[in-house]
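Take a look at the structures below.
Consider the two complexes below, in which chain A is the common component and chain B and chain C are the respective partners.
And now, the complex of A and B:
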């Protein structure tokens, strides 16, 4: 256990202590640290704007997770059915956004979605749109960008669980006359659900907390929890409220992640027992 | 007949979505690379003409080069700190059956679960309460904590694959503990260490939520600088920076692949 001590000490000083301080500071009534109370939390939950910011943020995570799910399954099915060359290509394509910096990925979407961007140019020259559409600084644009940026987090666990699937099951179903769509819905989907849920949790948490993409592609008019915390902490310097905001946000995200994780483990036990 | 029709429709849909997904994965990176060579002054795509002017301009932009150097230094320091302390801890935890080992393991992994903004803010609050001035050192500290989970997970995975008999052999043949560590343990877990250093470096270099709160005016890092630039205007120099980052990351990946088989490590994460 001796080699563990330095890291344990570092975590105590620079991780545990700060989190305790965060909780403590959120319990002060005024930014001048006067009077202990739950005032900051009451302020949050009695303010419709704050609650909408939270629900919007959680909904964004959900939407992006669903979108990546729809894209990841076909990708995984093709991966599992392909030879080495195609597999290497897909792996490379998945790793590419995972390894390029967040700001670069977000910047790419600014280029794609802009007024003179590739989507507007293509649609105009094809004659499908009469005037350039406003894509940047919209909710839809933000969901699209985040879907691409977070897709690897969904694709990797789905591919992994699909590769572990016993091929005899699908072959047996096909041999008994089931269509491939039916095989997918009745066999592949239920048995790879744990992988999909693992991916869902990663994407949900990553999309909900993606400060850079939210502020640059969503723009200043869409306020979500990360920018709300930043604004209250750095802009207004209201530390008790920003501390309460971060704790509420943390509990909401990790609470959902743990609840779904627990449900998923129960489901897996059910599948194994059956 | 009817079934083959359904099968064909199913394959068609799967193929179409896969094609779209692969295009979606590739297009943004490709577009950034292409647009960084534009001769124009806007982000218009396709570029009206070609040139290297934005790369030249980038090299002359002290306000971007300096944060880039700061980012490289901070990432290097955070990688070394998290790899040494995290690697040692992973080795210590792997051999321990104590209950406290499980608790510590969960603690070391928890920065991954916690939204990094909450952690960044909490560190800022503590530094302020204790009267510690923000500097490159406080930034490195915050980044190292964020990098530790990757080190712990990847090094533990390598340690678990290590056959303990090899260590017992070395010790019983008269090698000292230090010699055994240097000549047996370390070479066998090298892949895990290289991969975790690679991921830790990228994590720190790319980190925004912690730097957002901990970077002071003198230690501004690249992602924050780029974010600030893009909030104000759509600057083409950012395309050139992106081009450089993409190429350096690919070069780093090739190096790490040669020394440690990184893609397998990340893929199995």
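And now, the complex of A and C:
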């Protein structure tokens, strides 16, 4: 028991106490901390704009998770079929984004996507585009940047569960007459689902809460929960409302994460949960 | 029912001059094998002998570096595994863990886009034959090893294969169950009339299952023969010690039909040794072909090391003056010689015609190391 006390103390001081404070603050009716009530929550749920911000944010997490999932499987299949040297190279490339700071990675995307950025310059000088396209400060640009940045969180668990898949299972399926596509859909996909779900949860939570990338690549015109909370707390100085926003957002993300975890445990048969 | 099943005819298999290398490592070399339709063949050999490579080539998971694979006379090297109509049973059964027993057996039929009612009837029939009908809704993880194996075989046979390949199918079963499953599966394969190839490193498995055994060693075929012929007339020193237990005794040819054993006596082979005088030879004598004898010229003197009762037989091991170990197997029913560890005893060969004679490998002669099996 004793060795965990420092960690428990840190957890208490840095997470539990602020969370309690957040709950307390959210229960005040005015920014001046007058009158206890559920007014802030009523305000959120009766305001279509706020609800739209929440659903947009959750949708962003879903889109990025889907995009990384679609990219991770081909990558994992190539990895599994590769030799040792190629595997080391792929692992390095996958890990690379994790080895640089979020700010650096995000600015790299700004350099790529900007009006005078690398992509626009290249396309214009090749004559493929007539005018510079608007890539930065768009939803698609933000999804693209987040997908690249979060890909390791999906690729690693998917690769891990693919490597644990018994090669005889795919051989057996092939021997029974299944095409490559059928083997993938009926054997590989269901049996690596725990890895995909683990990756999905990580990417979903990370993308939905990625304040820096959302703000810098998405720009000021796309309002999502992290920047909404920041704006209410720092800009408007409405602490009770931003505390309520924080709690609603936290509960929404963790609620979805737990729900998917529970569903997968119930419906994924015959596979060890990751 | 059996009448209808035996209409399913196995295909004939021909391997012609198959060779395969992984980089610089030669896995298979000059493999020629003909398997008749409906025959049950065992590929037997120690690990690394190339038997798994051979199985993968036949299955279509591996394309041989050279040579021809023919099914019913037609070449198939270019046909991928999923279009060869081969039933495979894997060492770990490779049942799909997320699918029920029914879905596992139906898998191959669904992949072939068979009609639903046909699938249901076929799966029911296969599970009935495998005595697994009441387990259709279970997941593989809920079955015992023997039950999983039955399902694996039902799944392989459900696609009406012309050829069934079984890769070490009994090694995951405990010993008591093994013989029962061997008998059951042999009869099931024979009922189907399907051509079958079992890959194994277990000689007992090969002897009990196969019509003919192909012994592989270091990527080459050492001998292809019936189980009895392999046991009684092994073609090489390797086979004589790989199939069953044997005693290897060194000696030198002294006359057309005589061998002077290093261990003492000169023995009369009763036939030509087919080697020149002075050739170093190793003779192979099965433990059941040796008896205790009185002290006399021609008997082999040994010091008894231990006696091990093995149920129906009792095995006694002695050591010759040259350090060669000799095992004597006696049937318990015929009364046992009373010997104890440390005793001197004299051994004789009961039937000289069942002794095999091989030239001693050159590197062994130079080292002149003792061998025991």
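Going forward, the second predicted complex is superposed on the first by the 264 of 274 C-alpha atoms of A that agree within 3 Å, B and C clash if a C-alpha of one lies under 4 Å from a C-alpha of the other, contacts with A are read in each partner's own complex, and residues count from 1 in each chain.
The criterion applied here is as follows: a contact is a pair of C-beta atoms (placed from the backbone, for glycine too) under 8 Å apart; a residue touches a chain by one contact, two chains touch by 3 or more.
All values derive from a computational prediction rather than experimental measurement.
Asker: Is A:187 touching the first partner chain B, the second partner chain C, both, or neither of them?
Answerer: A:187 sits against chain C, while chain B stays out of touch.
Asker: Answer with first, second, both or neither: which of chain B and chain C does A:138 touch in the superposed model?
Answerer: A:138 contacts neither chain B nor chain C.
Asker: May I ask you to decide whether A:231 touches chain B, chain C, both, or neither, giving the answer as first, second, both or neither?
Answerer: A:231: touches no partner chain.
Asker: Once the shared chain is lined up, is A:74 touching chain B (first), chain C (second), both, or neither of them?
Answerer: After superposition on chain A, A:74 lies in contact with chain B alone.
Asker: Mind working out whether A:179 is in touch with chain B, chain C, both or neither, as first, second, both or neither?
Answerer: Both partners.
Asker: Based on the superposed arrangement, let me know which partner A:62 touches: chain B (first), chain C (second), both, or neither?
Answerer: Neither chain B nor chain C is touched by A:62.
Asker: Thinking of the overlay built on chain A, is A:166 touched by chain B (first), by chain C (second), by both, or by neither?
Answerer: second
Asker: According to the stated criteria, A:101 is in contact with first (chain B), second (chain C), both, or neither; which is it?
Answerer: A:101 sits against chain B, while chain C stays out of touch.
Asker: Please work out whether A:25 is in contact with chain B alone, chain C alone, both, or neither, and reply first, second, both or neither.
Answerer: So A:25 only meets chain B here.
Asker: On the superposed three-chain arrangement, identify whether chain B or chain C touches more chain A residues.
Answerer: B
Asker: Residues on chain A in contact with chain B in one complex and with chain C in the other?
Answerer: 177, 179
Asker: Taking the touch rule as given, give the residues of chain B at its contact with chain A in the complex, in rising order.
Answerer: So the residues of chain B in touch with chain A come to 3, 6-7, 9-11, 13-15, 17-18, 20-22, 24-29, 31-32, 35, 42-46, 85-86, 88-89, 91-93, 96, 98, 100-101, 104, 107-108, 110-111, 113-119, 121-126, 129, 141-142, 144-145, 148, 202, 205-206, 208-209, 212-213, 222-223, 226-227, 230-231, 234, 238-239, 241-242, 245-246, 249-250, 253, 263, 266-269.
Asker: Contact residues on chain A for chain B in the complex?
Answerer: 1-4, 6-8, 10-11, 14-19, 21-22, 25, 70-72, 74-75, 77-78, 89-91, 93-112, 114, 116-118, 121, 147-148, 151-152, 155-156, 160, 177, 179-181, 184, 205, 208-209, 211-212, 215-216, 226, 229-230, 233-234, 239, 242-243, 246-247, 249-250, 253-254, 257
Asker: State the interface residues of chain C toward chain A in the complex, per the touch definition above.
Answerer: It comes out as residues 59, 61, 80-88, 90-92, 94, 96-99, 107-108, 111-112, 139-141, 155-156, 159.
Asker: In the complex formed with chain C, which residues of chain A make contact?
Answerer: Its residues touching chain C are 166, 168-169, 171-179, 182, 186-187, 190-191, 268-271.
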